[in-house]
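In order of appearance the chains are A, B and C, and numbering begins at 1 in each one.
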Amino acid sequence: MAKIVLQGVTKLFKGKNSAAVYDLDLEVEDGEFLVVVGPSGCGKTTTLRMLAGFETPSRGVVQIGGKTMNDVMPKDRNLAMVFQNYALFPHMTVEKNLAFGMKVRRTPKASIGREIREIAEMLEISELLGRKPAELSGGERQRVALGRALLRRPQAFLLDEPLSNLDAALRAQMRIELKRIHAQYPVTTVYVTHDQVEAMTMADRVVLMQGGRLQQLATPEMLYDQPVNAFVASFVGSPKINLFPGRVVQDGSGPKVSFLTASYALNGSHGATFDAVSTREVTVGFRPEEIRLATGNDPELPVVKATVELVEPLGSETHVVARVGELVLTCKLPARCGLSAGDTVSLEFDTAQMKLFDTESGIRLG
Amino acid sequence: MTALGGSSDVGLDRPQRRADKERFKFTTFVWLSPAGILLIALFLVPTAYAIYLGFTNLQLLGPHASSFSFTGLANLDRMVHDSVFWSSVKLTLVFVIGSGIIAQTLLGMALALLGQRAHISIRATVGSIVILAWVLPEIAVAFIWYAFGQSGGMLSEIIGKPSDDLLSTVPLLIVCVANAWRGTAFSMLILSAGLRNVPEEVDEAAQLEGAGYWRRLFRITLPIMRPTIMTNMILITIGTISDFTLIYAMTQGGPGNETAILPVYMYIEAFQFNALGYGTAIALSLIVIGGLLSIFYIRQLKPELGKAS
Amino acid sequence: MTTIDVAEQVMPGKADVLLHASIPTGWKRVRMHKLMVNATLGVLGIVFLLPLIWLVDSAFNTHATASLGAPALSLANFRAALAAGAGGAIKNSLYLAVVSTLIATAVSTLAAYTLSRRRVPFKSTLLLGVLFLTGLPVTLLLIPTYEIFVHLGWANSPFYTSLVLAATSVPFAVWLLKNFIDQVPKEFEEAAAIEGTTEMRILWKIVIPLSLPGILVAAILTFINSWGAFLIPLVLDANPGNTPGAVGIYQFMSANGTVQFGPLAAYGILFSLPVVVLYLVCSRWLNGGFAFAGGVKG
């Protein structure tokens, strides 16, 4: 059980101009389930490998359990890791795979056998103990890798895209199982994935990285509702958030934002940001569920006429892609909405959660 | 399609000709024949002929040069009682196992393991040097080590006894060193490639389990490389057991018969003592020994053979 | 997509103040370890280099001995080697190597393609036979081949000698190329076949270009093998005019009472240079061939 602290950690690789990880500050609380998410090449795996000790930070400090780990060999860090392709020892049976670490640590024979039996039972792999990894399915290998990590009784768990080689159904099942195991053994866990769904469903807190830099560290809800920039907003959520070019202008009554064919008076929290601004180019963001067929109930809300391009009925809801002039937007409508391609619709934008970003930097303004 | 269409050209009594199953074409013979003729004429016929000649009294010159005859097990009988033959078998085994299997595999493995962790420029330089020794024609290698083993040669100077003629005092050791020097590159190349195929994460997983370098090497890396190591050993054995040029050019099998491994002994018997028939019999014994060695490796390195895979 | 893609926009990071706030890291541990590894490898490299240095040193040194001498730069040894017939012998080696490589590569490619793609009766038996021949010591063939050559009057002919050299390379070449062509996706050929291309054309235009790395490996290994051939030409060709380089060096070594290290070293370098250059030029493909052999699964 340990707290993990990264201070100003930077990793430069030879021959690369930009840092793989740049000035990363991070604290993972004892027992926390932290998910590091981001597109490929964002530095998330490098971060994990620095925690494990396979990479040495070019700068900065890695602390685990209050101890600086920069100079500690991976074998002495007392961590467990689950690899993307499981990294089971191919020449050993499942049982030997599970026993390997305990033998290294000179655990008495009797307790090795007992612990393996317990963990195998919990993970439902008791019948597989005599088999070799090549004879197991993806899900079974996953369980063995998990079992091996659990038997390590580590200070912290590191998981590197552990579900990415599984099919969709199994992935959903393993997500639940991993959470269950974490509830049972609340060990500090750092979980790396490129899948935002895994990040949102499993994390206590999420770290979103891009280009080697931390973009935002927040709970899943905060990440969704309060993204710090346009990148975070568009990475989280499916279908993606709609981003339109817009412009904030002042008219007599106060700041007003115009986007698509609509215009909307900024008030409340939004308004304050733009009081002093005369004209500003912004990016306006609406999540697909914030765009609906116009009801006219609230005449304040901006309404736009659009042409339906594509209807994707998902059963419980319908995703509709519609065109407004040059721009395309996606909205989440109720099931059986009765639309078909070519229809002209009036769409109403719910501004309660409207997000405004600086066009150039992407930073959220309000 | 047939079930749906029920068209009349699908006769029920006629076996259908499937388009997806490739049929034998006459040209296949034509395409295989150049290689086939070459192998039959210059490989299979001589091999079959060798099996026959091994049981004859054929001579290079003299009465049995043209009118040789089948002599049954006479050659085998001579072989069993030929002390030079048995010492030659022993020398062959020492040469193959000592210089081939042990020295080349160990050196090749050491170079592969060091190369994996060394700086790329050092790895590339050392790798090129080792490979250069292997690319050199065997006769050039023989000459170099012939010079090195002389009195006043580099080796005797290095051990501090410049007047020693190592080629007469420890001839077998010198030819073994020469062969190891020449052949290590092959093992290095094969084993490096095998090492690259060991997944890095597996080694990393073992690190996190707390295993140190040597334990990982012996418990994880080498066992995973077992098939490659075995292939390498068999290939080295095949290459070393029939080696002639190196030893013959360095020592002609001497002094005495101290370095006369089987191919050299065969050559001496056949072309210096005229006994082509007996020489062939010696060559046949090479196959037996090579086969036994290969079986031995497979047994040693695949204990799981026979268990359900 | 007309929606603005902001994924590329990166948040401006903290200023590079950090560059100064350097904190000690684990580089020391890594460095010590790397130093040991590099030093050990370097020492091994020097041990392997020593004989090569001697060869070069002796070739340019008119007073060459069996041990290292003072570096010199004289071409006298090379002149002596050429006077001893190095030029003609190397020409003979070139003939043997070129002819046997051309024959072995052509014949093996055709056979390997057929075995890889066509239906061949008893294919697995044939392949097993080829594998068996790969492991057969060439020494075994020597005496019977000699007998056959003497009877047919083929002895002392460089062409027939190259045929034997080609034959000894064919089993390995077929095996290597068959495995290589197996890896070439069939889809290319199927696409060409649908266009109505003849099979010979498919072989020329698709299979051979795609498996060129493998063909080169087979060709180079055959060439190197035939170039250094010693025992086969020694036995099968007694004509002094046909002596290849390897036999020439051997005869030069045992010719006079005292060994002439300088001229012999020069001869050795002249004879080694072509294959060394060939290897250096083609090492990329050769290493690929080894990756292939190293990847064998048990």
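The working rule: contacts are C-beta pairs under 8 Å (C-beta built on N, C-alpha and C of every residue); 3 or more make two chains touch, one makes a residue touch a chain.
No experiment lies behind these values; they were computed from the predicted model shown.
Participant: Higher C-beta contact count, A-B or B-C?
Facilitator: The greater number of contacts lies at B-C.
Participant: So, comparing each chain's Cα centre against the centre of all protein Cα atoms, which one is closest?
Facilitator: If one averages C-alpha positions chain by chain, the most central is C.
Participant: Taking each chain's centre as the mean of its Cα atoms, which chain lies farthest from chain C?
Facilitator: Greatest centre separation from chain C goes to chain A.
Participant: Just curious, how far off is chain C from chain A if you go by their C-alpha centres, in Å?
Facilitator: About 51 Å, centre to centre.
Participant: What is the distance in Å between the mean C-alpha positions of chain A and chain B?
Facilitator: 55
Participant: Per the centroid of Cα atoms for each chain, what is the distance between chain B and chain C, given in Å?
Facilitator: It comes to 16 Å between the two C-alpha centres.
Participant: Which residues belonging to chain C are in contact with no fewer than two other chains?
Facilitator: As it turns out, chain C has no residue touching two or more other chains.
Participant: For chain A, jot down the residues that touch at least 2 other chains.
Facilitator: 73
Participant: Any chance you could list the residues of chain B touching two or more other chains?
Facilitator: If we look for residues of chain B contacting two or more partner chains, we find 226.
Participant: So in the complex, which bits of chain B are touching chain C?
Facilitator: On the chain B side, the touching residues are 22-25, 27-28, 31-32, 34-36, 38-39, 41-43, 45-47, 49-50, 53, 58, 107, 110-111, 114-115, 117-119, 122-123, 125-126, 129-133, 135-140, 142-148, 150-154, 157, 162, 181, 184, 189-197, 226-228, 230-231, 234, 238, 241-242, 244-245, 248-249, 262-263, 266-267, 270-271, 276, 279-280, 283-284, 286-287, 290, 294, 302.
Participant: Would you mind writing out the residues of chain B in touch with chain A in their complex?
Facilitator: 199, 201-202, 204-212, 215, 219-220, 223-224, 226
Participant: Within their complex, state which residues of chain C touch chain B.
Facilitator: Its residues touching chain B are 33-34, 37-38, 40-42, 44-45, 48-52, 54-55, 58, 65-68, 103, 106-108, 110-111, 113-115, 118-121, 130, 133-148, 163-164, 166-168, 170-171, 174, 199, 224, 227-228, 230-231, 235, 245-246, 249-250, 253, 259, 261, 264-265, 268-269, 271-272, 275-276, 279, 283, 287, 290-298.
Participant: Which bits of chain A are touching chain B when the two form their complex?
Facilitator: Contacts found on chain A: 52-54, 73-81, 83-85, 87-91, 100-101, 104-105, 148, 152.
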